[in-house]
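What follows is a set of structures for review.
First subunit A sits with subunit B, and in the next complex the same chain sits with subunit C.
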Partner chain A sequence: MQTTQFLTPMPLPLQINPPYSLDPRGPGAAHIADLWWIMFFLGTAIFLLVAGLMFFGLFGRQDQSAPNEQQGLRWIMLGGIVMPAIVLLVVFGITIRSAVLNANEVGTGEITVEVVGHRWWWEVHYPEHSVVTANEIHLPVGVPVEFILRSNDVIHSFWVPQLGGKMDLIPGRQNTLILQADEAGIYRGECAEFCGLQHARMHFMVIAHTTEEFEQWIESQQAVAVQPQGELARRGEQVFISAGCVYCHTIDGLDDGAVDRSDSDLGPNLTHLASRTTIAAGTLENNRGNLSGWIANPHGIKPGVLMPATLLPGEDLQALVTYLETLQ
Partner chain B sequence: MATTLSAQDNETLKQIWQPPAGILSFFTAVNHRTVGLRYIITGLTFFILAGIAALLMRLQLMFPENTFMNAELYNQFFTMHGTTMMFLFAVPIMEGVGIYLVPLMIGTRDMAFPRLNAFGYYVFLISGIVLWVSLLFGSAPDGGWFAYTPLTGPRYSPGIGTDFYATLLTFLELAALVAAVELAVTILKLRAPGMSFNRLPIFVWAILVMSFMIMFAMPSLITASAQLALDRTMGTQFFNPTNGGDPLLWQHLFWFFGHPEVYIIFVPALGIVSTVLPTFVGRPIVGYFYLVLSLVAIGIVSFGLWVHHMFTTGLPILGLSFFTIASMMIAIPSGIQIFSSLATIRLGKPVFKTPLLYVLGFIIIFVIGGITGVMVAAVPLDTQVHDTYFVVAHFHYVLIGGAVFPLFAGLYYWFPKFTGKMLNERLGPIGFWLTFIGFNVTFFTMHFTGFAGMPRRVYTYLPDLGWDMLNLISTLGSFVLAAGIGVFFIDLIFGLWRGKPAGDNPWGASTLEWATTSPPQPYNFASIPIVHSRDPLWDANGELETYAVEPYLGRRETIGTSVLDARPEQRVELPKPTITPFILALATAFTFISLMVNIVLVPIGGILIALSVVAWHWTDIEDHKAKEVKQEPEGALPSSAIISSKGRHPTFWWGILFLILIEAVVFASLIVSYFYLRAGAEEWPPELVGRPDLLLPTINTVILLLSSIPIYLADHGIQRGNQRRLKMGIVGSFILGAMFVVIKFIEYGNVNYAYGWTRTAYTSIVWMIILYHTVHVITLLIKTCVVGIWAFQERFDSERNAALQVNGLYWHFVVLIWLPLYATIYLSPYVLGSGS
Partner chain C sequence: MEDRVLRLDNQAHIKQAGLHQRLILITIFLSLVLGLSACLGDANQSSMAMQSEHQSLEGGDSERGQQLLYDYGCGSCHTIPGVPGANTYVGPPLNEWSQRHYIAGSLPNTPENLITWIQNPQQIEPGTAMPILGVNEQEARHMSAYLYSLGN
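For the complex of A and B:
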């Protein structure tokens, strides 16, 4: 079978930061990392104390006087009650402090991004800019962004380790999370709540730009798709409609006539597919080979994915991919 | 009063307690040690299976993009790993150790309800086997042991896998609850004379606390898993957000059980630690009083922490702070436990035998798990590490460190008592060190994996994210860990085969289980020991005072003592070996599996259960006829003290009291479900259903309330020997109860209910509450019929009326519990208005 070469996805060669939560790039993650380091040193001290007392008890020299219960009770009082009480007060204090500091710094969001969880991809809306995309979130650097989180099916969880903590997307509810990126770069995001078969391949990218770049990006995303140039691409456009892609995927500006598109949000909006860095929810680099492989056999890459395999003659597939590549 | 038995009495005792022989004996044995060992062996078997599942998962995660296992299988494996470790290993094995040891430690001959004990075991065995067979057929549950809705609902998990989970879990909880009830009754009523609460061994305290925790926690899970099963098989809407249901309702109910669950496992483990440690340092545990207090505190506080599993669900931050404090607070009683151990080590002279090694391993590992536990209680940090490998590391430190290490210490410690043979002191330390090192390599690494951003429950991961090496190390470590556990099992098997004979008390321990032979005789103690201190074997200088229970009645008996100060007050009859528990377990299993396969079969199951219950009690009734009071020999405990109930309740009464407690928690979780769903609804009740009519239900409520009066008069009457008042009272109550049921059915014909329970979450919860209560009333009527027949045969008198007392107790409960239900369903829509 021709498609077997796509069974093993190719690694992403993109320059993306590893999703290391102790390497923060935003105030949310930074405050948490600070909190962690304080707790880490406190915890280590307590562990060393307990381990030390244990070894002292095992191997230390016995008191010459008869061992007495009073001394033991003092250990329980000091070590089991007084010490934990003090440590817990301190820990609780710094915990509250951390939450307050973060709230003060990011305040309220200046931009709103709506994220809707699907099995197993992320729908992304910029309601203030009328932009719809998927699996890729662009942000301006240094601006707090309010994420409105909803789910279309089961519970997911939205997590960008380098920017901050996670928040669940729960069907029938709406959660919010404010994040801010302090440095330009590409940050990995993951679904952190088990959501079924392909939970493992439900990634997304957060791309932080300077404000100007971000505005350029918004502008480019606001454009609708134009009539493709070249015969192959035009044929691809027809394949997109005739092969049924159009039933689940929206392309703004596409003249798809009288097609019933009531289910057209089942799959990601593809209006600007070619501008994205990855496909299949952050699983594959967005290039021609991966795209063809994905269309022909998505189940080879994400077994159980809701997108059906599309059996197309080679030429049609080439045409379709050529068309999709025009969707800048 | 005689203190020891004559030689002839000893012979009689042996005959009476002769265990069943032959092939059938597997299905008829009821002795607590047989059942306890079965729990332990079965639990260890599931431990091995779930451990193998874990190793296979580690192989899959050894390399990025590994294709050793596909997503489908991986999801089934991690679901089965968690479900098995929690429900089929940890809880049952702790109960099993308790079932084996508690009667020995408190100096009695068996559990209070040996048949129920055996029944619980079969339920556990059957549900475990069915769950694992489902994995063989590739249709095991795959929604995680936490089974979050709506992923596990009918829409997103259409296969039968999750039905196994929802149905079998509900079934399996029966076993846990049954064991909890009888452990508690055994500890309250069957303690050796003189064993007042301040002399109770710490392990028995721990089991008592565990039992009460199970009684409070499991009903919440039963409610949730029943709702899930109904959603899946009947089409109710509890967790479907498009019809008024709420996925978070599941999380609240699940974690209200799920968090105490961790401590249900941990508390008996603490009991083991505080029992093993004194023996190997040669002095009593330091701070007995503080230890007991902190066990109780852990039991209570653990019910206030469940929301810390839900820090990322978007609940209001103020509420979350409360749960942060509560979660951190549990560090104080845990700290007391640890520092008591440290002080005991310091003041004693340690002898480095294998059980002590495992206790020391527990201290090191558990302290690390406790420290990371305080960390994840902090909301901001938790939002980073929640659902990552950091949390996987944390709870394996708590569960393996806090439960498996103490359990292994306990198994090494009590193996000579279980088998009469010693284990090898060469293999023991090798197994310990492999386990300890392998465990830390595997799981300490996972803290880093979590910070590196790897989420839990992923069947594979992309390369070059900084996770490759960490996962490889964890996988290699897991095989060292497995080798250590392998050595442990080889040691057990080898010891069974070749172990040197152990005496009665090979370690020189202080508690009563070491006062009898290894393994103990079927009756544990020929004469019941009398206890004067906390460490009877250390303080008695070899000679225990005993209390004889002369076997002149020719049946299995032990002595019942008063709850607080353990003064002997009654002879407690214990049942002979019987197959009825097994048959009842089969009938119950049939009913539960029918729920899953075909609802039509459920009534058949109901009939089978009813028949089994009749068979169960049939022997009792036969015995009852033969139970003419014999004249006791001079000085013996009189036979009239059998179930004489003047001011002293029989064990049976206590069992029913705890059943009522469990039921009350189930009803409470149903009421909570109602108001939780109401709080999330825009309109409550939904307009198309409308508010319920008040007239008929109110009249009916009055009828039900009135029905308590005749039954009260009947009980009161028979206490004074008035047979006529007894008969009239029972008939009166029966008629009123039956009227209640009839009017209920008339009421359901009413148009308001015609929408059925599949329409919205509102109709689902209202129907569930009403049906559940009606089932109780009908059960009550059937019970009353039976008691009524006995009453008309004039089997009761002023001395012997335990069955009536118990029936009355349950009757008042079913009546009283209706009041909050009535207020919830009928009054609250009028009082609180419609919707939030």
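For the complex of A and C:
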């Protein structure tokens, strides 16, 4: 029973497109998909050629005369050196062409999004708009967006298969990647570089909407948290501070007694937690049940996660979750 | 000739003895079966009583319940066989649920009580860590139908 449960895959909380790179929704991914199909057909042709020659050699007319060494050498030169060299050169040329086309088409980014990789979640900044969020990246459709990629701990890799190629997030370095979504939709992103125990549960979502909707979203995210209404939520606010959540998580607008979290947050910014669709980096749907279990013991859900388990009295847990739900 | 008679006689003896033994064995067997069936009858009766109560869960669809248990995030605290990702131990594990006798340590495990508990645990045990998730009566009925299918 234990084993089967362990093997039951945890489904993603949302019915979002599987990250299928052959279903491109942006210029970056389209070039990669084209390249993939060219290589696929080229590979198929070569496979058929080799299989045909083998078939001929095995079942073809038997030549009883002594083998002609000259002829054998010619086969090896042609099939083993000349042909692979041509194939590799062609593929190389097409790859370069794709890269150049992509760079020309996408151009420079009109919006900047900074993404910082953490074990195991994504910190997302919009420096031009002073917005901070986590695990969800909102973009306007048809606008090239420049991603500035950094890491806070180990090497991660940022990959939205339907929008473009991968780019590593390397500690101490800054990489850039320009992506553009041509259609509105929700695109799943993944960490594509093994980064530890919960690498497989380091998802994120790219939500592409119209420019208007995007601006509305930015505006809603710029607001700071206000003091909650209701006794339970207010008590939750106090629990958030007294139980120590505040040392790793920022809530803008909360009077937390000027806690020093240095320049980088240890945990996701929670100012607008309730507006996000998932928690734990795309692992769980953001609802009261999941939030309660996650706060009580995140290790039961993502073993190895850096967030500690809590031993809050039941009422405090209720209050805290009620407060977090007010953070729209 | 005499030999043969003797042998026949012996065989008759053996046959007779065999018959005796068989009678004894049959008696033991029958009493065992009767005894066992009495025990089983008890168990059957109690499980039938439970089942008839479960059937009073009218409109409880266990398959929908299974989905709802996932959707509401019950698996973030409870281990529930058949619910993906539900293998945590923040709250009590719910495997073999139909064999539990008490909910929250005090409430008899009847369908009506379970439905109430799922909807509003705070009402029954103020201060419990189990949150009110906004589950309606019908949804709680589906969930209960699934939970009672565990351990049957």
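Keep in mind that, in the parts below, the second predicted complex is superposed on the first by the 305 of 328 C-alpha atoms of A that agree within 3 Å, B and C clash if a C-alpha of one lies under 4 Å from a C-alpha of the other, contacts with A are read in each partner's own complex, and residues count from 1 in each chain.
The working rule: a residue touches a chain if its C-beta (ideal position, glycine included) is under 8 Å from a C-beta of that chain, and two chains touch if they have at least 3 such contacts.
Note that the coordinates shown come from a computational prediction; the quantities given were computed from them, not determined experimentally.
**Q** If you stack the two complexes on chain A, which partner ends up touching A:F92: first (subunit B), second (subunit C), both, or neither?
**A** A:F92: touches subunit B, not subunit C.
**Q** I'd like to know which partner A:V100 touches here: subunit B for first, subunit C for second, both or neither.
**A** A:V100: touches no partner chain.
**Q** If we overlay the two complexes on their shared chain A, which of subunit B and subunit C does A:R288 touch? Say first, second, both or neither.
**A** The answer is second: A:R288 touches subunit C but not subunit B.
**Q** Given the touch rule stated above, what does A:V224 touch, subunit B (first), subunit C (second), both, or neither?
**A** neither
**Q** Classify the contacts of A:L311 with the two partner chains as first (subunit B alone), second (subunit C alone), both, or neither.
**A** Neither partner.
**Q** More residues of subunit A are touched by which partner: subunit B or subunit C?
**A** B
**Q** Taking the superposition on A as described, I'd like to know which of subunit B and subunit C A:G43 touches: first, second, both or neither.
**A** So A:G43 only meets subunit B here.
**Q** Show which residues of subunit A both subunit B and subunit C reach, each in its own complex.
**A** 8-9, 11
**Q** Looking at the complex, which residues from subunit A come into contact with subunit B?
**A** These residues of subunit A touch subunit B: 8-9, 11-12, 18-22, 29, 31-32, 35-36, 39, 43, 46-47, 50-51, 53-54, 56-58, 60, 62, 67-69, 71-73, 75-76, 78-81, 83-85, 87-88, 91-92, 95-96, 98-99, 102, 119, 149, 153-155, 157, 159, 161, 164-168, 170-173, 175-176, 188, 190-201, 203, 283, 303-304.
**Q** In the complex, go through subunit B and note every residue touching subunit A.
**A** It comes out as residues 65, 70-72, 75, 143-144, 148, 150-151, 156, 241-242, 245-248, 283, 286-287, 290, 294, 312-314, 317, 321, 324-325, 328-329, 331-332, 335-340, 342-350, 360, 363-364, 367-368, 371-372, 374-375, 378-388, 451-453, 455-466, 680.
**Q** Under the stated contact criterion, what part of subunit A meets subunit C in this complex?
**A** 1-2, 5-6, 8-11, 284-285, 287-294, 296-297, 300-301, 312-315, 317-318, 321
**Q** Which part of subunit C faces subunit A closely enough to touch in the complex?
**A** The touching residues are 70-77, 79, 81, 84-90, 95, 122, 127-134.
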